[in-house]
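These are the structures, in structure tokens.
Next come two complexes built around subunit A: one with subunit B, the other with subunit C.
Up next is the complex of A and B:
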């Protein structure tokens, strides 16, 4: 079917492509272009005034100590979330691909936190961190839990990581399981006949053969945690004293509460660039380790 | 050796169930305490409830306007998932079977856009649609979900339709069937496995989404369930017992779907991620 697009079959194009292409253009392409333009203007929401101001907004982004601090906070949060979630997911998946009884149920169980949206998840953990853990701390005298984790910047940071990783683990586990099922059984058998121990099987066979799954999992966890918004909103609301504002939270505040649309959009573009650079670098580096089975 | 073989897997499974139990404790604690009074919860959050009463559920149901949020979420999720699936299937078919230049340009743009995070689009989007006075209606939100959902939908259908032999459709065309009719009576029924994948991923995404509706649906009667949960929590903040009941009620609808579709859901996630 290599007919040229002509008046006669323009109808086919409109009927089959019309609605989705129109919605896609109106929601993705046009806002993307307008968004880039916006970063070069000083558009004011109240007066409606707007003029081109060059790179001023971007300079503002890099001069804004608060945003840079929060970007650094976000980077640390992403790093620990990605590492913790992936390590746990990897080993749980490994334990759940041996064909034992009840594996289906266990997988189903570990996946359940993913049914819950960020808002509900955030409030669930907020209840635990602000009420249940301090109760344990008081009852058993555990100093770590005496005060709510959410009232101190350092512990609130870990609270955010725990809540996010708790959800991610089940999701990544599913992908790791799919990756492990792709490891040929005869390779594993040959290794065990040759007397390879469990650790060396994991290190020398399973890890190299599941690089594609690892790349995907790190990619997914990177982009999901970089863009966390609702868990942050429900769990800490950026507090105490704005010290736990992740980048997205900061951007929403900047744009919609302080009406600095141009700067907010410039921050969003910077954040996107950071995510893209890190995600691409990691897949490039990991892909180099990939081997053929 | 033999005894080892029998005991070890049992131990391993036992350990895994224990781990799962610990993993799911947050849920268990919330469920347990949603049946107590707030006073009882403060005094002993770890004890089992002595009575099962649904007072907290009734109070949460009224105070968070559960029915309204639920209906809004149901309508928005139901309609947007349906239109995303139908329109992306049609567009995927168009892109596979007609090699026009426009088609490859749009297909490329859609693929590229999947790397774009929502955060880059939200500010200009709210600005543009706000200027046109289009915020605060379900129609706008549905349209936006269609626009955001189409790239992944088209991509997924594209990959699947490529594998369907063209001969099936050719014979229909020879007998004089129109493209539209051929698509709906021959191609669409073959796409069922992809439907399930997309259905699962899009339902989980749209049902639980907070950021987009929070920017678009500003008036109280337009709130989706995550928005009602947010309002309820931020205005009720000390009375924990009804709050926990509210959380459980928000989770239940998805949990029911999950219990029926768990195999497909897990398959959907795997396929969605590996594509």
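Up next is the complex of A and C:
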């Protein structure tokens, strides 16, 4: 009987889960394993030659000073993107759950950038930064916008962050809105009867009760901004003089432009490890802050 | 009830195995093609339908190629050609490599000569076709397309670059007729620049993109060493071994002195790295800058522009103050793209059909019209059946006819990332982030990282 039941379960599982498992294996697991194998070879697409060379590629990664610099650059970029995107998303979501007029329209408006592909979005911002803003800057004498933000190492960094955060905000906002609607009304009412002000309601009630949403949002923004490639490509192309190359961009250049597949792939594995460690640690630590209402 | 469960399990199993089978089918099909190769007599297959794929890296003219394919299919119904497009300015090489790595390469490719050289084992040796194309093309065109002495790709377009000039803007600036032959040295050029600046116009447009600065500008260092590509390759080898000090190399210092001049009179002086190709080209075409360091390919943007000037020409970039020096009277010239035929997976009948199609493309009236009129490119071929509207490539052709060209073929042998890496160093130099010494150091360091490779 039990055996039959488990067979039955397996069948049901295969019907519903099989296709997804197959798809997941085909586009994630198998490529990951093949990629891992690739890091131990000196494969070259031009000749098709490949032999095992052990950990040489990984040693090369840590000798590649440019990659380590760019990994550090990526960390800075991710930090600011995550903070800015989440703070904005949180407060926009807060403002859009108060029952005001036109809320639905505004929500849609803020979400739209998320529907635009990264490449298109990058070109859009590129036009803004390199043409529209300098034009306005020259017209009205704004010092800040006299020259394109994309041609200066420092400002290009912020341009990259603004464009990414702008795209992320809408998506995170939706999750925050869902989180806020989960805050029980009676708790909020009790607080207002006790005379709590708006800030203390946010600090002492809304924030602790939306920790699950915050965990998810930070996780999503972390992994997304670590893997930003399209915006980087379209907005700055890594310039000026490679100063805004994110780790992913560097990896693609290394593999496809410099023809060092093994090293590029090893760098990708290192990046994967960094992202995994940071994302898992944050969600583990923040989960401890969760409270029941 | 039981039956339903069994059925659902069976369905699930078929779905999964079906998907898996679908996956492996592709592989076995490819294997079959390889086995077939060389066994089936070509004649038997000739009447059959042939399907060719065409990988195109000249993305801006995708539609023109597609029209050509349609026309050819009408004339030769048994041959179907499918375009594999690539995006303009991005991920072209990546796409080519992934097609190759997945065992599904295109039958015909339109690639940079340097890329074909890198993958030379995958392409068909066109030696038997060489004599035919030598008869069809301008003298030297096929020699210029040889890669390591092998004929692997058929040249179909020619490009030249140097200092483009807008005739009206220059003449208004200097207040009189402009004779391009009057500029033979750097000082001559500076005199012209000074006059133009005094008239209130920007003398020159210097495009700040890494490909322009790294490949076209700095790249001249390698091509200017000698008229022979072989010698230029030796020079690059010496760079890799660290035997060359760039700051002591007259070609490099001459080029950079001229660069300082361009930098000084640059229309984009306040923000030199903006590098908006369309805007730079349009500003030049409308006379906002008198000169433009660029090539005849910019006609693709300029030609269709409204409100542009009509007369343009090209000057060699003066690299010294001795009019006799190599480079001062020559414009850089190359055959950047070649048509090559896959030899790793394609069947002999596909290859034969590909050869016939390429020949039709470069020699028939339809093909030449498409390339010259619709794409606005110049062709290194004799008796052309179409007239070019590209004022700039016509100007380049004048130099080609007189043999006043710098053969920049050495770039075919350079590593693929040289323009991005050394272009970044040039960008730093352009904004004053590093000095001449620092630039030389960065460029030398780049080459040393390729020592022995």
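Note that in this section the second predicted complex is superposed on the first by the 266 of 293 C-alpha atoms of A that agree within 3 Å, B and C clash if a C-alpha of one lies under 4 Å from a C-alpha of the other, contacts with A are read in each partner's own complex, and residues count from 1 in each chain.
Keep this in mind: a residue touches a chain if its C-beta (ideal position, glycine included) is under 8 Å from a C-beta of that chain, and two chains touch if they have at least 3 such contacts.
Values in this document were obtained by computation on a predicted structure and should not be read as measured data.
J.: For A:147, using the defined touch cut-off, is the partner it touches subunit B, subunit C, both, or neither? Pick first, second, both or neither.
T.: second
J.: Touching A:28, do we find subunit B (first), subunit C (second), both, or neither?
T.: After superposing on A, A:28 lies in contact with subunit B but is clear of subunit C.
J.: Look at A:241 in the shared chain and tell me whether it touches subunit B only, subunit C only, both, or neither; answer first, second, both or neither.
T.: It touches subunit C, and subunit B stays clear.
J.: Which partner does A:275 reach: the first (subunit B), the second (subunit C), both, or neither?
T.: first
J.: In the superposed model, which partner reaches more residues of subunit A, subunit B or subunit C?
T.: B
J.: Based on the superposed arrangement, let me know which partner A:216 touches: subunit B (first), subunit C (second), both, or neither?
T.: In the superposition, A:216 touches subunit B alone.
J.: What is the contact status of A:259 with respect to subunit B (first) and subunit C (second): first, second, both, or neither?
T.: second
J.: With both complexes overlaid on chain A, does A:12 touch subunit B (first), subunit C (second), both or neither?
T.: Both partners, subunit B and subunit C.
J.: Across the two complexes, find the residues of subunit A that touch subunit B and also touch subunit C.
T.: 12, 15, 19, 26, 45, 131, 233, 252, 256
J.: Quick check on the complex: what are the subunit B residues that touch subunit A?
T.: 9, 12-13, 16-17, 19-20, 23-24, 26-27, 29-30, 41-42, 44-46, 83, 87-88, 90-91, 93-95, 97-103, 106, 109-110, 113, 115-128, 143-144, 146-148, 150-151, 153-154, 166, 179-180, 183, 204, 207-211, 215, 226, 229-230, 233, 240, 243-244, 247, 250-251, 254-255, 258, 262-263, 265-266, 269-270, 273-274
J.: Flag every residue of subunit A that touches subunit B in the complex, lowest number first.
T.: 1-5, 9, 12-13, 15-17, 19-21, 23-32, 34-35, 38, 43, 45, 92, 95-96, 98, 100-102, 104, 106-112, 114-120, 123-125, 127-128, 131-132, 135-136, 166, 169, 171, 174-175, 177-178, 216, 220, 223, 226-227, 229-230, 233-234, 248, 251-252, 255-256, 261, 264-265, 268-269, 271-272, 275-276
J.: Spell out the residues on subunit C that touch subunit A in their complex, using ranges where they run on.
T.: Against subunit A, subunit C makes touches at 5-6, 8-9, 11-13, 15-16, 19-20, 23, 90, 93-94, 97, 100-101, 118-119, 121, 208, 210, 270-276, 279, 415-417, 420, 424-425, 427-428, 431, 433.
J.: Please give the residue numbers of subunit A that touch subunit C in the complex, ascending.
T.: 7-8, 10-12, 14-15, 18-19, 22, 26, 45-47, 130-131, 134, 146-148, 150-151, 233, 239-242, 252-253, 256-259
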